Amino acid sequence: MVAGSGAVGVNDLVDAAASLVREPLLRRALLETVLVGALGGVVGVHVVLRRLPFFVMTLSHATLPGLVVASLLGVSLVLGAAVAAVVVVGVVVLVGVAGRIEDTSGVGVVLTGSLAVGTLVLSIGQGTARDLSAFLVGSVVTVRPLDVVLTAGLGLLVVLVLALAHKELVLVAFDPAAADAAGYQRGPIDLLLLVTVAVTLAVAIPAGGVVLSVALLVTPASAARLWCDRVVTTMALAATFGVFAGVVGLVASAAWDVAAGAAIALAATAVLAGSAAIRALAPSRGLRRT
Amino acid sequence: MSGTFLAAPYQQRALLAIVILGVVAAVVGVHVVLRRMAFVADAMSHTVLPGVVVANLLGGPLYAGALVAGVTTAMLLGFPARARRIGEDAAVAIVLTSFFALGVAIVSRGRSFATDLTGFLFGSLLTVDADDLLLMGIVGGVAIVAMVVFHKELVLRAFDREAAEAIGLPIARLDLLVDLAVALVIVTALRAVGTLLAVAFVITPAATARRLGLAVVPSMLVAAAIAALCGTVGLAIAHEAGMRADVRVAPGATVVVLLTSVFLVVAVVAWWRDRVRSA
Amino acid sequence: MSVLELDDVTVAFDGHEVLCGISGRVEEGQAVALIGPNGAGKSTLIRAVLGLVPVREGRIRVLEQDPADARRHVGYVPQYSRLDPEFPVTALQVVLMGRYRSVGWLRRPGRADRARALEALASVGLADRAKDRFGTLSGGQRQRVLFARALAQDAALLVLDEPFNGVDTTTQEDLVALLAAERARGVAVLLSTHDLDVARHACDETCLLNRRQFAFGPTAKVLEDDLLLAAFAGGVHLVGDEVVGIGAPHHHLHGRHDPTDPHG
């Protein structure tokens, strides 16, 4: 990261922005951030519509053991996160058969349990405080070229799947009873959605960390929800907000020597706050009634 | 590390810390589970970070910073009306990640970023001192007293919000009370197991008691007992692993893993029992 | 003094009116039914009587006080289906909740409170289930427990929100009998329902509403075909064999005369 002075200066920002494009390491970080921002925005709309943020936070924490193991084995973190996330989704779906996802206490137990397991494994594996922080907070600048390729590929796959299953996903989100009546199998549709969320987390977490990658899944989509009424336009706007937050956050991070994941999350919140403020001051303008 | 488990004062303090935390968290945790507020509790464990970080920067007591951040969160989360368009869950997630990001951003500018952050988030059970224990006792005590004094109103509100409103109970204030109690638990846990693992003490034993089908007050007692037991065993395991096998095992995390295992066992048994019954 | 007085009550949310022109009285020992289709505003009116929703125009008086001040004397019975059956409370504990207002903050219910609660539980025939978890009871039994909770409060006005939904016939009959017994003691009753038979059997007066009041008066007179059709907007409810055309003049009994078109 470019060392910045303590004071806020436009020059710092310009320098930082330039370096993002100039230096290969940072260019990769920029690319990864753009991809994750866009993907998070799109998938995030479903997360917000289906009231899944708590579940996503849990899933995110649940990848910690996977990250730790992958790190200890020297394997790609994205892979470790993906495996852990898919395992948890599988468990949750199984438990869903026997219990309820709305059982927030059960979900909470999984969240903290997996955090503890990850911490435990790390301590046994002689991991350090530095590693743990990296997992929690992410480190977009240590993203490898392979990771960027994985992100792009998986991202494309996720978007494709969402596009194909679009009307089913929206129907189930809006009116589950009607979906049942129309003969749709809610189980497989839910599973599909959860897997896309898991994959998105898997690519976002190594870059943004366990907590802050949830921000990319929730905040831009929430901001977009304040502007749009139709799902597809919301997704487009959410992706835009996600990319915007990613770039702004990365530039700020480079200029002021602040953790990238944190800067990106804060940028996303700023977009949301701005949207909320504008909406509150000028209601119903341009908002078509569905 | 010394030979026998609990021979050294630092181990005794560690155990006392876990027991205090366990009892306080159990009492508050039963209410959290009754109101299905696990996410709010988790949110608070993350939102105290900027408070702790700023307090550290200013050279002040970390507890105070955590308390301020916790109270702020509790008050922020009491504004549900705005969240209609994006949902309550999303609103909580946004508050959680924003505050956490702020804390991380501030810490990341420092030199000892990684160590500092980990210390705040995961605590340091084996270096808890007498002052810490005193503070834990006081802060935790306040939380317990609040829950006991308003017990019947809190249970009624959790069970039947409309009826509670109908007899004139101030719902918003009762909810704020529970949120503040959770903040107090997080503050209590700060030095011992850190903020992130604190939530486990709040939710897991209480969820276990709930799975056992216990009434409210028995749940609190059983949850506290489970926490105390797992605390003792967890510390013993961490100690023995260090002594015998020379394996460094984070004590706080060990306790949480035990709490979670107990929950899983009870959950599976309860599920099995229900299946057998309905067959 | 009337137990409940409604004087040209108008309630609004977000700028639009959801209820208007509600007028009527409930005296001691009287039972009034609130009848109207879904979305008519019955629950809103109930919430207004409980002081949970502000009145924009007109006023509501419970025992000659503001609804919020008279809560101690109003026993509310919600629908049992809204409550979580997994919640760890026993039937007796639920009934005891009715004593909380008189017990007050900071104190525990005493022996007298427990005795009253047991008595109320016995009067609904569930004394033997006192220690059982609320959720293990059947729907009808749970509704009875909620009823007992309101009884334990020793209220002057009982307010019931669709109390017979999803409840078996025996329980319905028992509850109607219990209501009659309370009325004999001078307790006033306000209950909302969309079951016309219940209104006919249990309530001497009826308030017919659909966002606005169509009539408030003796049940037999209010539940006549033309009024019902007007309130239920024509095609929703068939009443008897004879159907009178929509748009017939409205009967004004104790309610307001509305000379304009049926849709207010």
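As written, the chain order gives the labels A, B and C, with residue 1 at the start of each chain.
FYI, contacts are C-beta pairs under 8 Å (C-beta built on N, C-alpha and C of every residue); 3 or more make two chains touch, one makes a residue touch a chain.
This is a predicted model, so every value here is computed, not measured.
**Q** Please list the single chain whose C-alpha centre lies closest to the global protein C-alpha centre.
**A** Taking the mean of all protein C-alpha atoms as reference, the closest chain is B.
**Q** Quick check for the class: compute each chain's Cα centroid; which one is farthest from the centroid of subunit B?
**A** Measuring from the centre of subunit B, the most distant chain centre belongs to C.
**Q** When the centre of a chain is set as the mean of its C-alpha atoms, what distance in Å lies between subunit B and subunit C?
**A** 42
**Q** List the centre-to-centre spacing of subunit A and subunit C in whole Å, with centres computed as mean CA coordinates.
**A** From the centre of subunit A to the centre of subunit C is 48 Å.
**Q** How many angstrom lie between the centres of subunit A and subunit B, each centre taken as the mean Cα position?
**A** For subunit A versus subunit B, the centre distance works out to 25 Å.
**Q** Using the touch definition from the top, which residues of subunit B touch two or more other chains?
**A** Within subunit B, the residues that touch at least two other chains are 210.
**Q** If we count contacts the way the header does, which residues on subunit B are in touch with subunit A in the complex?
**A** 32-33, 36-39, 41-42, 46, 82, 85-87, 89-94, 96-98, 100-102, 104-105, 107-109, 113-115, 117-119, 121-122, 196-197, 199-200, 203-204, 206-207, 210, 247-250, 252-254, 256-257, 259-260, 263, 267, 271
**Q** Given the complex with subunit B, which residues does subunit C contribute to the contact?
**A** Touching subunit B: residues 50-52, 68, 71-72, 74, 76, 78, 82-84, 87-90, 93-94, 97, 100-101, 103, 105-106, 108-109, 133, 149 of subunit C.
**Q** Touching residues of subunit B toward subunit C in the complex: what are they?
**A** Going through subunit B, the ones touching subunit C are 34, 149-150, 152-153, 155-156, 158-160, 162-163, 165-168, 210, 213-216, 219.
**Q** Name, in rising order, each residue of subunit A that touches subunit B in their complex.
**A** It comes out as residues 47-48, 51-54, 56-57, 98-99, 104-109, 111-113, 115-117, 119-120, 122-124, 126, 128-130, 132-134, 136-137, 211-212, 214-215, 218-219, 221-222, 225-226, 256-259, 261-263, 265-266, 269, 272, 276.
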